[in-house]
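What follows is a set of structures to go through.
Shared between the two complexes below is subunit A, which pairs with subunit B and subunit C, respectively.
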Partner chain A sequence: MMKALLKVENLSAHYIVKEGTIKAANNINLEIAENSVTAVVGESASGKSTLIEAITMSLPPNGRISSGKVFYKDNDILKSDYEHLRKIRWTEIAYVPQAAQQSLNPTMKVIDHFVDTVKSHNIKWSNHEIRERASELLKLVRLEPGTVLDSFPNQLSGGMKQRVLIALALLFDPKILILDEPTSALDVITQAHIVKLLKEIKKNRDITIIFITHDIAIAAELADYIVVIYGGHVIEKADTIKIFKEPKHPYTKGLINSIMSILSKDDEPKGIKGDPPSLLNPPPGCKFHPRCQFASEICKKEVPDLIKLDDSSKVACFLYKSAGGDVDE
Partner chain B sequence: MNSSVLELKNVSKIYSIGLFNKVKKLALDDVSLNIKKGEKIAIIGESGMGKSTLAKIMCDLETPSKGEVYWFGENLSKLNSKEYKKMRIKVQYVHQDPYASLHPSKDIFSILKDPILFNRICERHEVKEKVEELLELVGLTPTNYFLNKYPHHLSGGGRQRLAIARALSVNPEILVADEPISMIDMSLRASIIKLLKDINSKLNISIILILHDIGAAKYFAEGDGKLIVIYGGKIVEFGSCDEIINNPKHPYTRVLISSTAVPDPELSKRKIVEELKSYEPPKRTPESQECPFIHACNYSKDICLKGPGLEKVNDLHFVSCHRYKELPNWKLFN
Partner chain C sequence: MKFILNRLIYLLFVLFIAISGIFFLINKMPGDPAYGLAVSISQQRNMDINKALEIAHQMMGIDTGEPLFIRYVKFLNQFIRGNIGYSTYYQTTVNEIVAKSLPWTLLVVFISILISFIIGVYLGAFSAQKRGRAVDISISFVSSIIQAIPPFVLAVLILFVGAIKLRIIPLGGAYPVDMEPSLSMDFIISVIKHAIGPIVAISIPQIAVWTLAMRGNTPQIMEEDYIRFAMIRGVKDSTIARKYIRNNAILPLVASLAIAFGYMLGGNTLVESIFNYPGIGFYFGKAIALRDYGLLTGLFSLIVVGVIIATFLAEIIYSLIDPRVKVK
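Then we have the complex of A and B:
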């Protein structure tokens, strides 16, 4: 593994709601290598977005980071003051939130979003320079700058808005680009188009991409590394080829088995029995044990640690010993 | 040959929008279909292509602007209200969003009991038995546990199962499900499709499934099922599911198939995804004559300005493209 650009240590975050606390991220450890693409995969309400929002310090008002450190270039982001954060955000770490369709201001033209972003980062570019830079980026995401720059968001389709946001995120050549569900609200064809674009961006630029998805098939196409999250815990981490060839955690296996692909043979997709856990009132021990066919007594009591199996893969499951012994199926 | 349960004849739907309804939008363009008893059909296409309009017209939740709808051989516009009522319950619709389609303050027993009693499906003392049977069928077991629960106790998958049970409570012969898995967690999607497959084979109910995910459509309809690909309100390809997936003829179907993500990191690198000329949806008005895909298609020629009709490739496969014979041979991977 290359040098880690972003390092998350024991990060925990929770939300305070009327009914209690929702522990959406528990003791998360991550290392993001420079110039890699990492996919964070999990079901809805598994804590994927919370993890990203905690890293970028953009949790909603009822969200709290209870412990942990996030190192970016050896500085703890979580400890930095507002001014420092302001400098890093968007210039070094750009974050495209979920529901990109609603992220653009409906009363502003596309070009004004670019101008606004430049101005708020106190960068002295002339309007002409901004326009030129914006056109260049829009061309990169294969949009026609002539028409798009002077359009209002409501004149653009969903895929176009998503592409405008990606262009906007690349405005200051960030080191890290974080995308929350970049393809989920889009149609299949537009989705494939965005995936292709992100692949090109990855190839042609010095950029580290982290993206969140609920669709592990998209991760197969785009990611170098996959992090699987379940019930607010990281349960498996490995490189993409390994995850698809030999998934370790029973949940990862189930998730890969439940893909309905055009390649799958008769009756292959199975799905996982049971329902995802509620984070408000999660089951004790391993969060997956109520749905797991291999669950034993210890799974009901203790939370398994994320153990290292080999250089590139880690798993949090009592079925595995850290020496790397495989358990029969 | 089984008898036809649902037939559409040259159905078009025009929506009037804008100020004084002056803008006319063609949502469905001359669609003809014939669905037999016990068939399973998946309709795929992107959003805004007319899939939901088609589903609603099938269920008589929307009236066609042109053309006729037949249920069990009877023209809907010619039925009197008594005959209509009798047939109405035979065609059921499952909504997309199970968080919005179930009554939040009714318990599961009432949700299933009310339509049964209202339509006098069985005697009052048999209702509990019937409800338990339905819950068992859709996999909400143990039934006693679920009977007095409320929809908010269920996950998205559970809610969708309940919505399906409710649709089945009146013994329908046709079930139309509009994107039943799009609001459901990935790990539960396959099981919902499996449930619909089982219902089709066990109860011999015709199921029409609207989807945008071609993988799910394949899982549902492979074997003896049919596939309809719809674009710009027109059926562009129609036929046996296996035949279309293995040998798509329409340029749009090809792009749709190659665009779906392949869950294999090595294979996905070798996948061929064709660039389209445009990624904009078609703008169609009632005057539109041309092929709906013309603005995006890499193979379009002058002949495409006059829209093609459905042509027969073989007994199981129909395509609406002038140039399908001239297209390069189909392959998904390099």
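Then we have the complex of A and C:
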């Protein structure tokens, strides 16, 4: 593994709501290697977005980071003051949140979003230079700069807006590009465009990409590494190829099988029985145990640690802990 | 362009309905609008009241023998030509009264709205940004009280303190009687001095109204995704406050702004009366007190037309500042 550019240590975050606290990210440990592409996959409401929001310090007002550290270039981002954070944002770490449809100011033209971002980072580009740069980026994402730059957001389609956001994210050639569900809410053709675009960006630039998706097919196509989140915990992290060939965690197995069953002609559905856990009232122990066919007594009591296996993949499951180092099947 | 044309046709239709409404309302009112004039004629010329009434009807262009529908057509005909009636008390056309009073009202209303809107928007946005803190709570508390104070009460207060106790503003009128209207510095300064009283009386409650409206709009905008995305992009707080929050929160207010302007044309009757300020409202008050039906109808129509046109302008302005409206 290459040098870790972003290192998350014991990160926990929760939301405060009327009914109590939602523990959406629990004790997360992650290392993101430089110039790699990592996909964070999981069901809806599994805490995928929370993890990313906590890393970028952009949780909604009712979100709190309760513990943990996030190292970027050996500095703890979570400890930096607001002004420092503001400067890192976009120049070093660009994060495109979900809801691309409403992320542009309806009363401002597309070009003004570029201008504001540049001016806020005290970069001495003339308006002409900003326009040139913006045009270049829009061309990269296959948009016609002549019309798009002077359009208002409402004049663009959903796919166009998503591409504008990606173009905006590349404005300062950030080290890390984080995308939350870049392809959801888009039609299949536009999805294919975005996936192709991200592949090109990955190929042509020194950039580390982290993206969230619930579409494991897109994860398979783009990512070098896949991180599986379940009930606010990282339950597995491995190379894309390994995870598809040989999923470790029972949940990951179910997830992979569910697509494989679509591809094969097998009539029997192989989805995962049961419902995802409520994060407001999570089950004790391993969050997956109520749905797991291998669950034993210990799974109901203790949360398994994320352990490293011999093939360098990581999994949080007692099946492997007991197997110790002999998982090499 | 098609949008504007559509609205224009709609506007003419509403105008027609409103003017007809006024005509029938006034004509179906009990009493004879010409009676006041007839009494003064009969006294002046020592004439029988019935004969005087006939003359009065002729002077006002009313033929009571005519059926209502014919009178209605005549009224519309006059109205379209721009002749909105005859004042029995001032013995002149309403147009003439409007010509000399409208500028004063426009001056006061325009300045009041401008001042109160700007201050209100700033205060409201500021208050919303400090939401929940002492400064926000005090601003909204004070605003809620102030917005409920009727302008005429303030007018009395201002007149009493400013003109009688402190003697810093004149007692009434639009400019000193011994001064000839001109563009000299002296005249302009004296016009401003005379207008200050009405402007302050109208502006204070208006400031509170805009403050509360802006404060109410802002939190909703602050939760929008584009605000969050701007923060994630590292856009400066001051830029977010200005271009992202305020410019979006202001949109619904601009429509109310134009409508407020229309209403204020006639809505300051009492304030203008208290300051003896010769605007539309002042003559409107006179028309009511003197039973001057002609003047009343004319000014009433004028105000209605003002409100309708202001509403129309509001829509046009809205479509200019909010790019989303055009598409629809």
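To be clear about the criterion, the second predicted complex is superposed on the first by the 313 of 329 C-alpha atoms of A that agree within 3 Å, B and C clash if a C-alpha of one lies under 4 Å from a C-alpha of the other, contacts with A are read in each partner's own complex, and residues count from 1 in each chain.
Please note the rule applied: contacts are C-beta pairs under 8 Å (C-beta built on N, C-alpha and C of every residue); 3 or more make two chains touch, one makes a residue touch a chain.
If you're wondering where the values come from, they're calculated on a predicted model, not measured in any experiment.
By the touch criterion defined above, A:F152 lies against subunit C but remains apart from subunit B after alignment on the C-alpha atoms of chain A. Within the superposed three-chain model, A:A220 lies in touch with subunit B and out of touch with subunit C [touch as defined at top].
When the shared chain is aligned, subunit C comes close enough to touch A:D116, but subunit B does not.
By the document's definition of touching, of the two partners only subunit C reaches A:P97; subunit B does not. Subunit A is touched at more residues by one of its partners, and among subunit B and subunit C that partner is B.
In the overlay built on the shared chain, the residue A:M108 is in contact with subunit C alone; subunit B does not reach it.
Of the two partner chains placed by the overlay, only subunit C lies in contact with A:R89; subunit B stays clear of it. Contacts of subunit A with subunit B, set against its contacts with subunit C after fitting on chain A, share not one residue.
Listed in rising order, the residues of subunit A touching subunit C in the complex are 56, 58, 60, 86-91, 94-95, 97, 99, 102-108, 112, 116-117, 119-121, 152, 154-155, 165, 168. Residues 46-47, 155, 157-158, 185-191, 193-194, 212-216, 218-219, 222-223, 245, 255-268, 273, 276, 279-281, 332 of subunit B are the ones touching subunit A in the complex.
Residue ranges of subunit C in contact with subunit A, taken from their complex: 224-226, 228-236, 239, 243-244, 247-248, 251, 321-324, 327. Those residues of subunit A that touch subunit B in the complex are listed here as 43-44, 157, 159, 187-193, 195-196, 214-218, 220-221, 240-241, 244, 254-256, 258-264, 266, 269-273, 275-276.
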